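Got some structures for you, see below.
Note that subunit A is present in both complexes that follow, paired respectively with subunit B and with subunit C.
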Partner chain A sequence: MTEYLKPVDRESARRYLDEHRDSAKIVAGGQSLSLLLRQGLLDPDVMIDISDVDEFSGIETGPDRVSIGAVTTYEQLESHPVSSTVETLGDSVDVIADRQVRTAGTIGGAISHADPSLDIVPPLLCLDATVRIGSVDGERTVPLEEFHDGYMAADLAQNELVEGITFDGSASDWESNYAKHSRVSGGWATVGIASRVRTTDDRDAFTDVRIAAAAVGDTAVRLSSVEDALIGEPTDRETVADAASNATADIDPLDDLSGSAEYKKHLARTLVERSINRTVDRTGGVR
Partner chain B sequence: MQTEDEITIEAEQEQLWALISDPEVLVNCVPGAKEVTQESETEYTGVIERSLAGVTLSLNGEVDMIEREPPTYVKVDAVGEDSRTNSRMDATAEMTIAESGDGASELSYVIDMEFTGRLATLGSRLVKRKIRSDIDEFFENVRDELENGEAASDG
Partner chain C sequence: MSRLRRDERTVQRQSERVVGSDVPKIDAEDKVAGDARFGSDLEPDDVLYAAVLYSTRTHAEIDDVDLSPAMAIDGVECALARPDFMGKFDDRVRHYGDVIAAIAATGPETADRAVNAIDYDLTPLDAVHDAREAVDGDAPTVHPNNLDIAQHAQHDFTIENENYTKNIDDYHELTVGDPDRGFEEADHVVTGEYTTPRVSHCNLDTHCTIAEWDDDTLVLTETLASHGRSQREIAGFLEIDPERVKIKEPPSASSSFGGRSLRKLTVEPVAASLAREVDRPVRLQLDREREFVSTATRHQTQFTLETGITADGEITAMSVDVVTDTGAYPNGVGHVVLKNSRDRPLDVYRIPNYEYEGVAAFTNNVPGGEYRAIGSTQLTFALESHLDEVAARAGLDRITFRRKNLVEEGYVRPHTEVPIGSCGVDDCLERGLRRFEELERDETGDPRITRGWGVAVGAHPTTSGATSEDSSEAILTLTADGTVTAHTGAVDQGQGIDTVIAQIVGHETGIPTSRVDVEPFSTTDRFADHLGSIASRSTYIIGAAVRDAAIALERELHDRAASALDVSADAIEIQDGVAASPNGEGIPVEQLLSPTDGDELEVYGSASSTETPVSYGAHFAAVEVDVETGDVDVLTFVASQDVGHAINPKMIEGQLEGAIQHGIEFALYSELQLDRGMPKNANLADYPVISPKEMPEDVACEIVESNEQSGPYGAKGVGTPSMPPVAPAIMNALADATGNRFRDPPIDSETVYTELSSEDRR
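And then the complex of A and B:
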């Protein structure tokens, strides 16, 4: 029989996990987990349901930090103002699966699951987000880019859990976007691209560019070859198209049900171009 | 599903051959391998422990070198079974080792794998990527063994 624990505060969540470690599974929204349980692939002795832990829930916005609790659902994020101020977040949540997954699925559950096809990760990479990790020993933080340290692998010890994610959301002069292609509407990404840029006041040239991609490698990745090709360059469509052709330098797709590796490379270039152009359009610039 | 690639390793054909036929070295190089025993000149048994999406597998396996032409070619049949999830893996691997000059060798491989049982329900998208990353890791480890072994004997 599986023992089901439901802590209501951070301290007991940390303590339960420390006591049970490898015999325990954390449950957040249960979306990914229930598939594995139903298929008989997982059979934990203890389940620790953290969805009622107050400290892990909700979104806090300070003067320059945005902090999203681990058990915040996609739906809560979608209806929070931060989804409009940081448009790449709103764009990505809008295209995740279906209503059920968005109502129950949590940001912390997604990040811990570490699937390279997750839509929420590229936007967070473009925000240089930091993961807050807790255990009975206290809290530590790791940049999201380092947190996913291999295929479906996260830098988490057995007695650690993801408690939230933090990023700088203050800079209002950034614009952003998330562009996704999937075989069926609401399906997993064949490729997903987030972009976030800052331009000169006259909107003629890029001053900062961040691009990240999902579903094209062992982990979601920043596309530094595209970023480097754009910083300081004009924002016209030709320059963007040229830079987008560099996208394949940073990715390593495999054939899968969502598309062949070659198709994914082609899509990555197309979506990088599209995403950056949409972002530039959002700056309101005349090109 | 099939995976193939070529890699260049800074070692002689013979050294590379000796390494991939040594069960002790294989334990060090195959990600998650434990308790590899050589049953005969061409047969090995062992356990490979892997985890994916929080699911832990313990594959009890047998490897049989069905064709051997030392030091250039080997064809291997492998099966692995995980009793907890009732899953089975069947694989055939072919490796060719060619001299590429300057004491280096080129190793090319073709690996064909199939999964049945509950593991298959995890979906090919997830499993395939995992296997590819394990195969890459295996050949990186082989390279490390040889190239660092050499570096150590130099110094």
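And then the complex of A and C:
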């Protein structure tokens, strides 16, 4: 028999986890977890359902930080103003699964699950997000880019849980986008690309560029080869196309049912180009 | 039918407005509100839950099954190994998902746990996974020692083809005219090879049966659309008298698309064996993976087509060669695939010289089964793709070429003596094209986008044609509360037959459709219907029986009202359930019941037909291809369909739109992928099914009415016949857009991209 615990505050959530450690599994929205349970891949003695913990829920926007609680659902994020101000987030949530999954699935659940195909991760990588991790010993933070340290692996000790994610969403001079390819709409990404850029005042050159990709290897990754090729360069389409061709330098996709590695590399180049172009278009720049 | 103007209507009987109008589906509210109860919602108090040990090998002998660890678990009431099941089960498993053993327990979790506890040994056997290889003399034998199963319901045939020596489920050949001479006379001869995918119905409600023995009678509660055949098949397999199998439909039938027409060896016989052993009802429900691998898919089929035409586009000869994969067990459907692929070209085009050879082979793959327009869907994809290639070779316009060769009303097809009755195919083409042109879009100007359009013609008969005559019966009962209860052989799996039945009763009797209750079918009913709701026969033949009964009911009510109101029967009009005389005197129909007939009035109706009228369609698709990703988007689809007569136009649109969805899946998305018989995507995360988002932005349905003389009100089938033209219209549009012919659907983005970017195209 599995014991099902439902803490209502952070304190008890941390304590339960500390007591049960690796015999426990955290339950957030259950969207990925229930599949693993059904397939018999997991059979925990204890389940700790954190979805009622108030401290882990909701989105706070301060003057320079945006903080999203771990059990905030996709649906809550979708209907929050930050999805419009940081468009890559809104674009991404829009194309995740279906309404049912978005209503139950949580941001913390996704990040902890660490599937390289998750759509929410590339936008957060482009925001240089940090993960807030809690335990009975207190809180520590880790950059998201370091948090995912292998295929479906996250930098969490047995008594630690993800409590939220934080990023700087204050700067209004960034534009962003998320572009996804999937077999059917709402399906898992064949490849997903987030881009976030800042341009010169007259919008004809890139000053900052962040590009990240999902479903191209063991973890979602930043595409620094593309970023480096663009910083300081003009925003015209040829420059973007040339830089996009570097996308394959940072990725290592596998052949699987969603497509061959070759096709995914091609898609990565194409989507990088499209995503950056859309982002530049959003700056209103004349090209 | 001439539609009445509103002012005219008011002076017509209410009934005359019912057939031909968009009466809302009578089951829609319950279903949308979640109140409908389907088979899997039923859990009787004393029921035991079954769990099954399924094979992960595609071909093996069962050496040993140790059930004792399972029996030791608390709550396990019964455990059986396959050789100890009832009936013709032997000691072999023949496909992934075949049955090794089964448990009945007090709860589903207990049953699952017990299945995991079973110890067993299998000896793997050589397996065959390609139908073409299976017929070769050197192939492993799928049914070496179980000819009882292998020779199931076969028709007589002799095979002269020396390549076909083994694992034969069924075989058909046909020669018309002189094919050799026909090909000699041709100015162009074109050959093409095509394959079609194993598509799963993906019904939302997975298979679920409750089996119970009442003395020596097996009672099954589940949606099984073809009762008579299921009774015979289940009884035959269990080796009991068909009278001893009863099927009870649940309050609401689950969807089918062919997936629930027939028994599945992994379902009913297994539950029946457990129930017999414990003498309690046993409930067996499949999970999604089993639904993919332990039921049946559309037959994977390989076609080779050759066509000869004259310079001006007249077909002189055609040859059709078919190899279809029956999978591990027969169910009579391989025969249907072959027969439908044999006849369909001749039903649509005038082909003076024709040769056909088709073989259905056993393999160690997931079984093939019934799926919306069995065989016709596969053949029509191949044929209509091929004819586009033929037209292109001869430099002919696709539509003109087809029109030149189409059959018409009165034409006698060379393989039958019967002239074609109603035939709206030319109207379908003309009206479909007009509508399609109205929906044409402006060019995008985007160089990354290429567009194309396609057309395909298709046909499928109404009723199965399995017997020389099809018939049905119906009973209508008027009760004291003024309702009419209809007992018929129909099963409403969502297609709307219950609504059609209510419309027919209302139309003929003048009693409002809202007061017609349509009862779920049960084989304990006192009348005969052998086939049930399959093969688009429900409206045509069951509807005709209902009409016959409704006319009898109306006559009886007229007679009774006439004597009650003291006027002649002719003078009576029934409207809104009230029988009125010309002077305005009225009496509610329920007051015409007499205590002598127990305050009930029961009438009987029947109908039969020796015809299998063909329903035609001409469908048009416009697609857009993203050349950088290979993504294909179906922008516009026009389904122009000859339905004989539209009893409920809105529900016909529903059938057409559903066919479009299934056809898009067949063309571009859905396939159960097997790697040497092992499934690669037997779950809904990996197996693509589409949602409204993949449906075309513009969908138009053109309803053509050709007035079929043998059908009620001129109606013929629409559910299955609307399916075959969809996929080829899309595939032809894709070829038009890309300049490349894709012959092996489903075609995904990567396949399109790879083809468009390949070296030899540049």
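One rule holds in what follows: the second predicted complex is superposed on the first by the 287 of 287 C-alpha atoms of A that agree within 3 Å, B and C clash if a C-alpha of one lies under 4 Å from a C-alpha of the other, contacts with A are read in each partner's own complex, and residues count from 1 in each chain.
As a working rule, contacts are C-beta pairs under 8 Å (C-beta built on N, C-alpha and C of every residue); 3 or more make two chains touch, one makes a residue touch a chain.
Please read these numbers as outputs of a predicted model, since none were measured by experiment.
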Room on subunit A for both subunit B and subunit C (clash or fit): fit
Subunit A-centred angle between subunit C and subunit B, computed on Cα centres after superposition, in steps of 10 °: 80
Which of subunit B and subunit C A:25 touches, first, second, both or neither: first
Which superposed partner A:183 touches (first subunit B, second subunit C, both, neither): second
First, second, both or neither for A:265, with subunit B first and subunit C second: neither
Subunit B versus subunit C as contact partner of A:257, first or second or both or neither: both
Subunit B versus subunit C as contact partner of A:42, first or second or both or neither: first
Superposition-derived comparison: subunit B or subunit C, residues of subunit A touched: B
Partner chain in contact with A:218 - subunit B first, subunit C second, else both or neither: first
Touched partner set for A:148, first subunit B, second subunit C, both or neither: neither
Contacts of A:14 with subunit B and subunit C, given as first, second, both or neither: neither
Touched partner set for A:102, first subunit B, second subunit C, both or neither: neither
Gap in Å between nearest CA atoms once subunit C and subunit B share a frame through chain A: 7
On subunit A, the residue positions that both subunit B and subunit C contact, one per complex: 188, 257
Residues of subunit A that touch subunit C when the two form their complex: 35, 98, 181, 183-188, 190, 257, 259-260, 263, 266-267, 270
Residues of subunit A touching subunit B in the complex: 25, 32-33, 36, 39-43, 113, 115-117, 150-152, 188, 218, 254-258
Interface residues, subunit C side, partner subunit A - complex: 628-629, 631, 669, 673, 680-681, 685-686, 688-691, 693-694, 748-750, 753-754, 757
Subunit B residues touching subunit A - in the complex, by the definition given at the top: 52-55, 84-86, 118-119, 121-126, 128-130, 132-133
